[in-house]
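One structure below.
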Amino acid sequence: MSATWGNRFKVTVFGESHGAAIGVVIDGVPAGIELDMQAIERDMLRRSAKGKEGLATARREEDKAEIVSGYFNNRTTGTPLTAIIRNGDTRSGDYARTASLMRPGHSDYGYYVKSGGFNDYRGGGHSSGRLTAPLVFAGAVAKQILADRGVKIGAHILCVADVKDAAFDALAPQLDAVDNNGMLDSSLWEQVKSRVEAAAAEGDSVGGVIECAICGLPAGAGEPLFDSVESAISHMMFSVPAVKGIQFGLGYAMCGMKGSEVNDSFFYDGDSVATRTNNNGGVLGGITTGMPVIFNVAIKPTASIFKEQDTIDVSKHCDARLALHGRHDPCIVLRAVPVIEAAAAIAVCDLTV
Amino acid sequence: MSATWGNRFKVTVFGESHGAAIGVVIDGVPAGIELDMQAIERDMLRRSAKGKEGLATARREEDKAEIVSGYFNNRTTGTPLTAIIRNGDTRSGDYARTASLMRPGHSDYGYYVKSGGFNDYRGGGHSSGRLTAPLVFAGAVAKQILADRGVKIGAHILCVADVKDAAFDALAPQLDAVDNNGMLDSSLWEQVKSRVEAAAAEGDSVGGVIECAICGLPAGAGEPLFDSVESAISHMMFSVPAVKGIQFGLGYAMCGMKGSEVNDSFFYDGDSVATRTNNNGGVLGGITTGMPVIFNVAIKPTASIFKEQDTIDVSKHCDARLALHGRHDPCIVLRAVPVIEAAAAIAVCDLTV
Amino acid sequence: MSATWGNRFKVTVFGESHGAAIGVVIDGVPAGIELDMQAIERDMLRRSAKGKEGLATARREEDKAEIVSGYFNNRTTGTPLTAIIRNGDTRSGDYARTASLMRPGHSDYGYYVKSGGFNDYRGGGHSSGRLTAPLVFAGAVAKQILADRGVKIGAHILCVADVKDAAFDALAPQLDAVDNNGMLDSSLWEQVKSRVEAAAAEGDSVGGVIECAICGLPAGAGEPLFDSVESAISHMMFSVPAVKGIQFGLGYAMCGMKGSEVNDSFFYDGDSVATRTNNNGGVLGGITTGMPVIFNVAIKPTASIFKEQDTIDVSKHCDARLALHGRHDPCIVLRAVPVIEAAAAIAVCDLTV
Amino acid sequence: MSATWGNRFKVTVFGESHGAAIGVVIDGVPAGIELDMQAIERDMLRRSAKGKEGLATARREEDKAEIVSGYFNNRTTGTPLTAIIRNGDTRSGDYARTASLMRPGHSDYGYYVKSGGFNDYRGGGHSSGRLTAPLVFAGAVAKQILADRGVKIGAHILCVADVKDAAFDALAPQLDAVDNNGMLDSSLWEQVKSRVEAAAAEGDSVGGVIECAICGLPAGAGEPLFDSVESAISHMMFSVPAVKGIQFGLGYAMCGMKGSEVNDSFFYDGDSVATRTNNNGGVLGGITTGMPVIFNVAIKPTASIFKEQDTIDVSKHCDARLALHGRHDPCIVLRAVPVIEAAAAIAVCDLTV
């Protein structure tokens, strides 16, 4: 509890990494929308390990989402839209040996305690990054709903290890300039790749930052208190495994600045209202200003590494050493871009649809 | 919508800065608890401007919370616990003149659009930082419930402008070492004060960072997805006005590190399980590890400054200049420490009670 | 838990019969509505014991609702609308003597167990019928919101003891024909009165049925499953103390009829769609048909009677006799008409606003 | 919205009668429970048309529920438990011809308006009684959880048309005495059968009443206001298609009785508290008394009949005649017994687990 999120665009995610299937039920999809199935598949593919040889897990999931409800004659019906993704290429045996060894950096131990030892430990079970696949499906649907209302969402890799990409222009984020690798500055891709490959070669992993922009949201969305735009977005972001921080606009950098430096001045841009800067990332007092909503999230280095680590064996009740095998991403950041977009789309859809 | 938050410890906050009263209804308080009223008043006082002459607004609120329900014969009854705080010392006239001038850095414009112009603009109305008073009341109650279960929460000023306090020991946060000003290192207080006074003297403001630790939470709290500990806490943090960022454990610093550097090794500390480091801030995959939960939040410089600013006049539909009068804090950080503690206590109470 | 109900029109009720105050927070009121305070007071007065001498409790509450938030310049602001009603004329001493004697027909014993003995036993505490006062306030607000959308709600006494009033015309309920006593057929009032007075004279009580109609709801409101119109309305109705049954349209009478007798035929009434009969009470498969929504609720005889009764003493842990004193209604039905209207208005507002 | 119900035992139902699949996600199942799959199948079979030749639809669904998540090594994991039921034996062609003809007694017209004409009209789509199959699955799980806590739920046919079965003993409901046909008095089954067959022979349908008892619930469950036991149960009951009324205990009969006649006297039955009668059906002021919770629900005659009916054609915008074909139950009551049990189990599980 709770695998359901949202009030108006309610998303329920289910499944385990190595169970029969994972999936999502979306309640609150308006009726009559013709889904662009290719766009959904494109996002699913961006999240998948395909085409990322050497940079991502060798597990080859089809990630084929079957829509089993809420869609009729090529249109949404307004009833719960359900997609099921069968799990395949599972090598559960990889995990059986290490079931009682708590992987450092993972939820294994917390989940073990929480479930009284009844958790599905294979690949992290319900905690697995694989659960972001149904999230991406839901996000792809949310993006289409939002696009119909003029709201566009895009994310890119802001940094991986010490390689820093350019940031979005806070007044006019260049969503269309993000390349297929998730970079604004394509020339940096080789450096990103080499950092990830170097870490992988050592059996280690690296982290990074993803920046996301939401364009076209009118002023007045969100609430001053518990349903602030930042509350809703951060709630969803921290539902994505490995996210450890979030900041809106200039975020932490504002702490060292003066009020006169960070306040964004309003002006009339013809008939519409805008701000001359967008230091606050499009949200003031929890409510959108009508400027692009901009934030970034910190993604920690993949917890699954191949270096031998100290840990505990909960069945033998003693300290132990753990050498992971299996197939893992040396850097989650590369595949997380569409996940962050999806999580943002779900949050915004819930606030505004 | 929504002024209500939580599933098990449900908090409803109401009121406007210059209305008749503000208050809170807490649903889900266990029956039979004898509240320590002095502890509640102490937290209310820490949040208030009292005793912070020169560092905080000159508005002198009594902030006297009257409990009108859910309390009988000095014990909670298990029914909704309601506290009402009458507003006093309001100089609403300060705001009438500038009602149509949207204060930069505030939610004025967003709220104006959202409410169709029917918002109570006086002092930000429902968006005012004053609404953190009922939050502190609810948090003080939550803290007592948690204390009975061995959970203790404390926060301190990690930095103001360029003055940096020591950080909590991530393995054993020194909650009791925080002084009355909210500092771990008391010797830095004079520097903090001088930065705030200097900003105030210029009619400007400064921001900072508050660090918070939750000790005694057992392993297994929280959920892998939408009710991750980080989701719940961040949701509440971004409900606090002026918070623009949050990070758990090493947070953003992890992005430049290797997996082998940030993974926290488990070991048996006698019969109990612990980790040798606590880089992940006590949460893995959304679930507590049993180590202290540690995070910090970025608080922007107060939006209300006395320097003249560019803005718009929504009634005249033109650009304008705004020189604020009234009474404002040159640095919210100083008063926000108990608010962050309260927000954390509410989130944790909802996850675990 | 939970004293909060609703998704879009969220109502939080707090207070105890003999505590300092009772009240309600309504979240989800649209901004810009000028409330008709006299209409609110009128409903509050209908619920109160005033003008019902001999037919209702002698407790004389002012039931003066003070709006403390969400209302500015005579308009709703869209933020939580809060009303507080101070309790007065409490004779708590009436209850102290009998605190450990569980009143038959009341929630005393269940509440005693639930709260571990910490409940406010005075007059039923949070379970008291007095809590319907804030409900009526919220309902009066809901009615005004609905009236602006062309939806009108009215209820009347369908029977008291063996006196049966005429029923609403299911195709065109005569909302305006209900008289001040809550009767469609005013000539029956003297009979109603005599039944209630006769019961009161014996120290006993009588029950009855209230019929309610919601006119002007367009087709398409509600959901097929968990948010069926009937689910929402019945949920609210059973939140009203003493309600023990509800039926929509012909209700139980349909069980003895054929499908061909109860199905309502659709036809085009000019451009609009209607049904020739309204046996289903305006709801089919959980969704409105556009015809009036009609239902009635069974209200049991007041549990508080003056005849001596068998019960238990939970402090002495033995059987006991209880002779109630205090002030009680010999028939709740008479005062419950505006409560049923209010509960219906809240449910409909939540489904449609 | 909303296809999700519950706070602690959260049930999400999805699917359409003639779509690819229907199913349910249950969030809040405790970890470590070994499900009795045969008991689940037994309830699914009781709901299905199998073995009810001549009394139920000829549609032959396998109703085979595949559990795809939340179950590992024959135990629940505490994560969302998901079951999927593939639709088979669909003759969607039966419905295509009549897509624009609104079936009287069904939600067709309301749903048509609600969805802007994009609803899946085949067999009622999401409104179909077929959606009670996943509900029965969830209820079967809930029953097992409750049984572990000593709570047992059973229902029986109280009447069909004019044939009246015996009622449960309110003090000690004979749950085990209910026979395979759902009757307490087995001798009446032939009469029930003949009434249903007679209606079927005329192309018509009949309704009835189902009585349900919940035994073993301790005192103190439920809340005085919005989460009263009656609110929760009635909410779920009206989520079941064709339910048009509900009454607890003596229900409507109480309206004609005196308070002294319906109040249930408490007494000490050894160490435990009981009432000498159970006229209030085990609930007082919304809270359980510890006595069996007893209620019954009115189920209208099946809306799908074969007699020609007046209706409208929404595509031609004119009045029309409709002669239904397809396969339908002449009396839903016979198959609804396990559905009512399931709905009750879900409500009680949510209130108490």
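By letter and in written order, the chains are A, B, C and D; residue numbering begins at 1 in each of them.
One rule holds for everything that comes next: a contact is a pair of C-beta atoms (placed from the backbone, for glycine too) under 8 Å apart; a residue touches a chain by one contact, two chains touch by 3 or more.
Predicted model only: the values in this text are computed from it and were never measured.
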Result of counting contacting C-beta pairs for B-C and C-D, higher pair: C-D
Selected from B-C, C-D or A-B, interface repeating A-D by over half of its contact pairs: B-C
Cα-centroid distance, chain B relative to chain D, in whole angstrom: 46
Between chain C and chain D, centroid-to-centroid distance (C-alpha), Å: 26
Chain centre separation (chain B, chain C; CA means) in Å: 39
Shared interface positions of chain D, touching two or more other chains: 1-4, 7, 13, 79, 114, 126, 224
Contact set on chain B toward chain C in their complex: 1-4, 8, 10, 12-16, 19-23, 25, 27-28, 31-32, 66-73, 75-80, 82, 84, 114-120, 125-126
Partner chain D, residues of chain C touching it in the complex: 1-5, 7, 11, 13, 102, 104-111, 113-115, 124, 126-127, 131, 159, 161-162, 199, 202, 204-209, 218-228, 230-232, 234-239, 241, 243-252, 254-268, 273, 275-276, 280-281, 284-290, 298-305, 307, 309-312, 317-319
